[in-house]
Amino acid sequence: MTSTKLTVEYIKNLLEMGRRLDGRSLNEFREIKVKYGISKKAEGSAEVCVGNTRVVAGVKMEIGEPYPDTPNKGVLVTTAEFLAMAAPEFEPGLPGEDAIELARVVDRGIREGNAIDMEKLCIVEGEKVWVVFLDIFVLNHDGNLIDAAGMATMAALLDARMPKLTEDYEVDRSELTDPLPIRDIPIPITVRKHNEHLILDTTALEEEVLKGKFTVTTKINGNLCAMQLSDGMAMTKEEVLKAVRLARDTSSRIRENIFGDQLKRVKKQ
Amino acid sequence: MTSTKLTVEYIKNLLEMGRRLDGRSLNEFREIKVKYGISKKAEGSAEVCVGNTRVVAGVKMEIGEPYPDTPNKGVLVTTAEFLAMAAPEFEPGLPGEDAIELARVVDRGIREGNAIDMEKLCIVEGEKVWVVFLDIFVLNHDGNLIDAAGMATMAALLDARMPKLTEDYEVDRSELTDPLPIRDIPIPITVRKHNEHLILDTTALEEEVLKGKFTVTTKINGNLCAMQLSDGMAMTKEEVLKAVRLARDTSSRIRENIFGDQLKRVKKQ
Amino acid sequence: MTSTKLTVEYIKNLLEMGRRLDGRSLNEFREIKVKYGISKKAEGSAEVCVGNTRVVAGVKMEIGEPYPDTPNKGVLVTTAEFLAMAAPEFEPGLPGEDAIELARVVDRGIREGNAIDMEKLCIVEGEKVWVVFLDIFVLNHDGNLIDAAGMATMAALLDARMPKLTEDYEVDRSELTDPLPIRDIPIPITVRKHNEHLILDTTALEEEVLKGKFTVTTKINGNLCAMQLSDGMAMTKEEVLKAVRLARDTSSRIRENIFGDQLKRVKKQ
Amino acid sequence: MSDKASKDFHENIKDHLRPDGRKPDDFRPIKIEVGVIKRADGSAYVEFGKTRVVAAVYGPEPMHPRHLADPEKAVLICRYNMLPFSVEERKKPGPDRRSIEISKVVKDALSTVVVLEEFPKCMISVDMVVLEADAGTRVAALTAASLALADAGIPMREMISAIACGRANGQIVVDLTKEEEDAEDAVDVPVAMSSLTKRISLLQMDGDLTIEEFEAILDKASNSCVKIHAMQRDALLKKYKKEGEEVDIDDEY
Amino acid sequence: MSDKASKDFHENIKDHLRPDGRKPDDFRPIKIEVGVIKRADGSAYVEFGKTRVVAAVYGPEPMHPRHLADPEKAVLICRYNMLPFSVEERKKPGPDRRSIEISKVVKDALSTVVVLEEFPKCMISVDMVVLEADAGTRVAALTAASLALADAGIPMREMISAIACGRANGQIVVDLTKEEEDAEDAVDVPVAMSSLTKRISLLQMDGDLTIEEFEAILDKASNSCVKIHAMQRDALLKKYKKEGEEVDIDDEY
Amino acid sequence: MSDKASKDFHENIKDHLRPDGRKPDDFRPIKIEVGVIKRADGSAYVEFGKTRVVAAVYGPEPMHPRHLADPEKAVLICRYNMLPFSVEERKKPGPDRRSIEISKVVKDALSTVVVLEEFPKCMISVDMVVLEADAGTRVAALTAASLALADAGIPMREMISAIACGRANGQIVVDLTKEEEDAEDAVDVPVAMSSLTKRISLLQMDGDLTIEEFEAILDKASNSCVKIHAMQRDALLKKYKKEGEEVDIDDEY
């Protein structure tokens, strides 16, 4: 048995007793650190560390055409890449299915959670709107990537200021104007499962044991705006509902902790 | 010798006696079944089964720009894919050289056989024309793919109705109007060869033995509009001419059988 | 030891004595042959042979948009491909890092050396300019590819005549008008190193021994316009300066030899 | 759900008929057929109204490229694809980000029931092709894929059945059409459930739901999956009867 | 062709001179050279008027990637490419659908004569590059490729020669230019024929031809291939004479 | 440089302050940190003003795909990438021609000092990511990469330090900003030098320089590299001190 396998067995045994390698309780998060403005060239940017997991996200804005079915709304484009530097098992190249899934789950949370007031990003209805590019990069992978990516994205959005628009609808980046119109702060929380136990904020090592995941994104008002069960986890209906409630409560707590100031601003509107 | 090799030997021996594994004569087709309208989302669609070979084709129409050298004509774009589900030897991914060849041979038949009245697809000369997308998919491969694809494409074209054009030249798919203007019904017929014998409508197993192929597409009036010799077959001039005549006669017979009704309509114009 | 390895050892020993396999002195070029107009379909084209190294380059011109930061200048696009036919070690497919490096080094020489008067390629400021496509292909690789490519590109540019522009800003290729406005003739010279020796115009075999290279491009007036040290060569400051002077002098001599006539024309302007 | 909340919630919902005349719990006409692709080891066709999907299975066969083989179990490969003419606006052929994600969640769901450990170093390929799309393509594809695996004789611990439920025009409904998905208040929740242990293995959502609404949707979805499963069983039985074989389908199918 | 049809047909055709002054059966100026790419194992240059093509051959060498090797014979790899500046409108570098198809039919034609069985598990690569294109590039490329294979010493049962014939401006003509190909009634039929058994191994057509016209075109093409073959032989002989080698070219070349 | 030329040249240059208030020889604020990526075998962060780069190293590990392994030495793989939001106009994710070239010259420079012969058939991967770009990204990346290799314990004969010098607004300056690079007369010359033998292993230039100007630039660059090297050493020492390890950094670092 390799040392990794031994560790995996040990983690399994601990989890069965409701305990974890780093001493946390099953639904306890590691320390979350948010750093704003990591690239001044971005309209908004942030780095979020959840324990040793480290994710950066940036917002760039361009002028583009709206989708035909939403002529009065801005456009959101989200990409994610697991950088080869982030873990020995990550390969360089086009984003794989895990990175694509992460980008799409985060995107749906932002989009359906009405994080951005997309109607305020309309410039000329049906013709010109702001396109918001959200680019997410995992620099170091120590587990729980979707939650960290969701928080980093939200932090970059809260950091973002809109570039100036010239009279002939060109972007003038020399001057940043108002903050991006933020309406909500959806936070994704991923729940994993070991037998009857639900576990939050897993490390990369723990994820060797707990392959399946269930991500639930909730809004300020506690409503659900995105969910994704994947990686081969099967849950009973009761487990699903229990996980949804756990995620909602955790989301609310974390929102208050790391985005407390902005939360007041957003709620006031 | 593997069982496949044994079968191949057996097929070879039969062919030498002018006979086939399924009892057909050398220039006899399997049953041809045409099903129209397999996708209501398409402007036209059809499935053609030739024995166990199963091909679907669809027509989608969009507004685009004409080619500079044909400013008053619509544009035809044909693609083909051999789906991985169609045979164990097919790999997923970009179309390979066989699928590209099939698409191009079918395309040339439709194009040069004047199947579509391309001038009627001009909207504003030099600026806006209809672009006809022909997409061909092989669902199950049991040989003679080009002929089946050619028939499926022709069936989809005959099934197609043009979407409505709004006053500001947008496509309104909620309403389909006139049928696509069809002027001819070119049918490709592929001839294979074993010694002096010419063979039609080969199965996948027979094609293990008969690698080379010669496809001849003929119009209603018996004129040739496309040919393609490939896959490593060498024929004398006399064999070529014999094959061309066989293909023309077969094409005429099949056109009458499966497109009899439409044939009258097309001839009337 | 394989025969290649033996040759490599032999070349090394010779170089240590300041000698080369084909009897040339260390800074002596092989015969350079220039053939203009190898494709009449190009606006300009040329083939350059340096010994057995054979490179073709062509110029095509199209109408396009200028870059926002140079609204009154034409656009230059340079590509290079090492054709699979050029050497057994070359693989087909997208250009690799060596071909990309070559294209970029040649491009920088042309661009920064002001070979083309880019302002004369402006048609409507900020809207329409000539785009010059420089495409370089290595047909046979016997070493010193960058120098040969630089000369072939320069020859193609000197060969080029601009297509006619119609009144509504379309390209009319049936008539070629003035020569492309050429202002300078930058020539790249690549220096390699073995111990204290500097070596010019290496053959493919010599490049098995001398991996690193230092390319210096100089203008008519002897000024430097592009440099590139690469392939794992480390030089002292003194060696760098010595190589720069050698390259400049060689560039001047070769410019006079192969582009003597055009040089007078260019200088007159 | 608290009793109070539940009461309010249910009062708000009127069981009015849907745009196509269905009641909230009605499926669209469903057609399921097994064994439709002759060259494949297993295959199935599933039609939910105008949503039509073909799935085919090849394998188990040795994994290639070999360095991707898993020494402990078979690798399950799923590919979901929409034909260009299956949707209103022609879709460019080939996979996009949406289809890559759907392929992944379908694979993830199937991997909870397929006995992959039985075939180390092998691959099992599941190809799903959408001929026509009118909402619910991923659940139709997963329902078909599960059947195609059974048809191919791949050992499964239980069957998987899938359906989309959600909210549209003010009520919780089963098996939404594209028209319903486009409603102002529409939320679509695709759900897959296994036939014996009734465990959920695919679950996605995007929209805006209270936990109570979600619970109601999940209830309807799990009831619906039981009905879908019965139809899957019938389709399998029908094929084997046709072939005149000894019919002995295990309970899980 | 029936006698009646043949008579009518030939009466309709007037042997008028072509846009560039050639008679119907005249080739454009043809130049063939062998051994033009030094690093390659074999190579050739073919010029049909302003159509100019270089072909080079490497191999036989062990097939890579190895899993694509054929245990029974060599794999023939053909790549036809047009340089971006070989045509009026710049062509983006790299293969497109047209060049993939041409590469395939050229490979198919060559595979009828190359003795591939002699080199199991190997590959033989044929690269063809069009420097300038004025119609007939595929037949020039195939003519050059066949010579390059011979120059590389690859065993061939016979040589392949190719030419395009067709209809333009009301008559059947040999070796069409781009200008002729653009004629209202133009049909271009590229044909390849082998040197000994006179078998046709490349044949493509698109346009509108009666069987009688096609037969006339095929006749002209096969006669032309015989002439092309003589020029190929001369070019090979010239190279070997130059090299001062013992000249002993087999009959098939 | 001749004495006369040198005199003329230096008189022409006035040591006026730069747009951001620096003197010609001043660096921007430099910050160097080692060990910033926990999963990597070695890593470093380098900040030259607003240019910020992270580099991480994995290896040596067995080369894959295996057929690309070198039986005589390790293969060094370098990847330089700019994040989409590191520049004014969003950069599409993924490598482009510029980043491929930079990856190559960085690899070429590192390969002059890394003892690759010690790890035949292996690979050593160096990933560099530009978080924010304000000129000098390649030299910051190379400086970080060199440190990351040392941090990973990869044997190196000496350290590599890099900086860009050049001409802007009429004088020769060190460590140009993007604003200076955009000056009318700007020429930027990235230079890398090794710590012991003081050999130059990266050198690029494009612009218009006399040999005299180039010599002056090269002088400034090599002096600057010595200073950068001292900072690299400090950053390494700091990390090892933090870790409470026995500090015994070889002279070359």
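Which chain is which? They are A, B, C, D, E and F, in the order written, and residues in each are numbered from 1.
One rule holds in what follows: a contact is a pair of C-beta atoms (placed from the backbone, for glycine too) under 8 Å apart; a residue touches a chain by one contact, two chains touch by 3 or more.
What you are looking at is a predicted structure, and each value in this text was computed from that prediction instead of being measured.
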Chain located farthest away, centre of chain A as origin (C-alpha): E
Equivalent of B-D within the choices C-F, A-D or A-F, defined by over half of its residue contact pairs recurring: A-F
Chain whose average C-alpha position is farthest from chain D's own: C
Centre-to-centre distance between chain E and chain C (centres being mean Cα positions), rounded to whole Å: 33
Centre distance in Å when chain C and chain D are each reduced to the mean of their C-alpha atoms: 59
Length of the line joining the C-alpha centres of chain D and chain E, rounded to whole Å: 53
Chain B residues counted as touching two or more neighbouring chains: none
Multi-partner residues of chain D (each touching 2 or more other chains): none
Chain F residues touching chain C - in the complex, by the definition given at the top: 97-98, 100-101, 103-105, 108-109, 111-112, 189, 194, 197-211, 214-215, 218-219, 222
Sites on chain C touched by chain E in the complex: 38-43, 45, 52, 54, 56, 58-60, 62, 79, 81, 83-88, 92, 94, 133, 135, 137, 139-142, 173, 204
Touch list for chain F against partner chain A, complex: 37-40, 43, 50, 52, 54-56, 58, 61, 79, 81, 83-88, 90, 93-94, 125, 127, 129, 131-134
Chain C to chain F touching residues, read off their complex: 97, 100-101, 103-104, 108, 111-114, 212, 214, 219, 222-237, 240-241, 244-245, 248
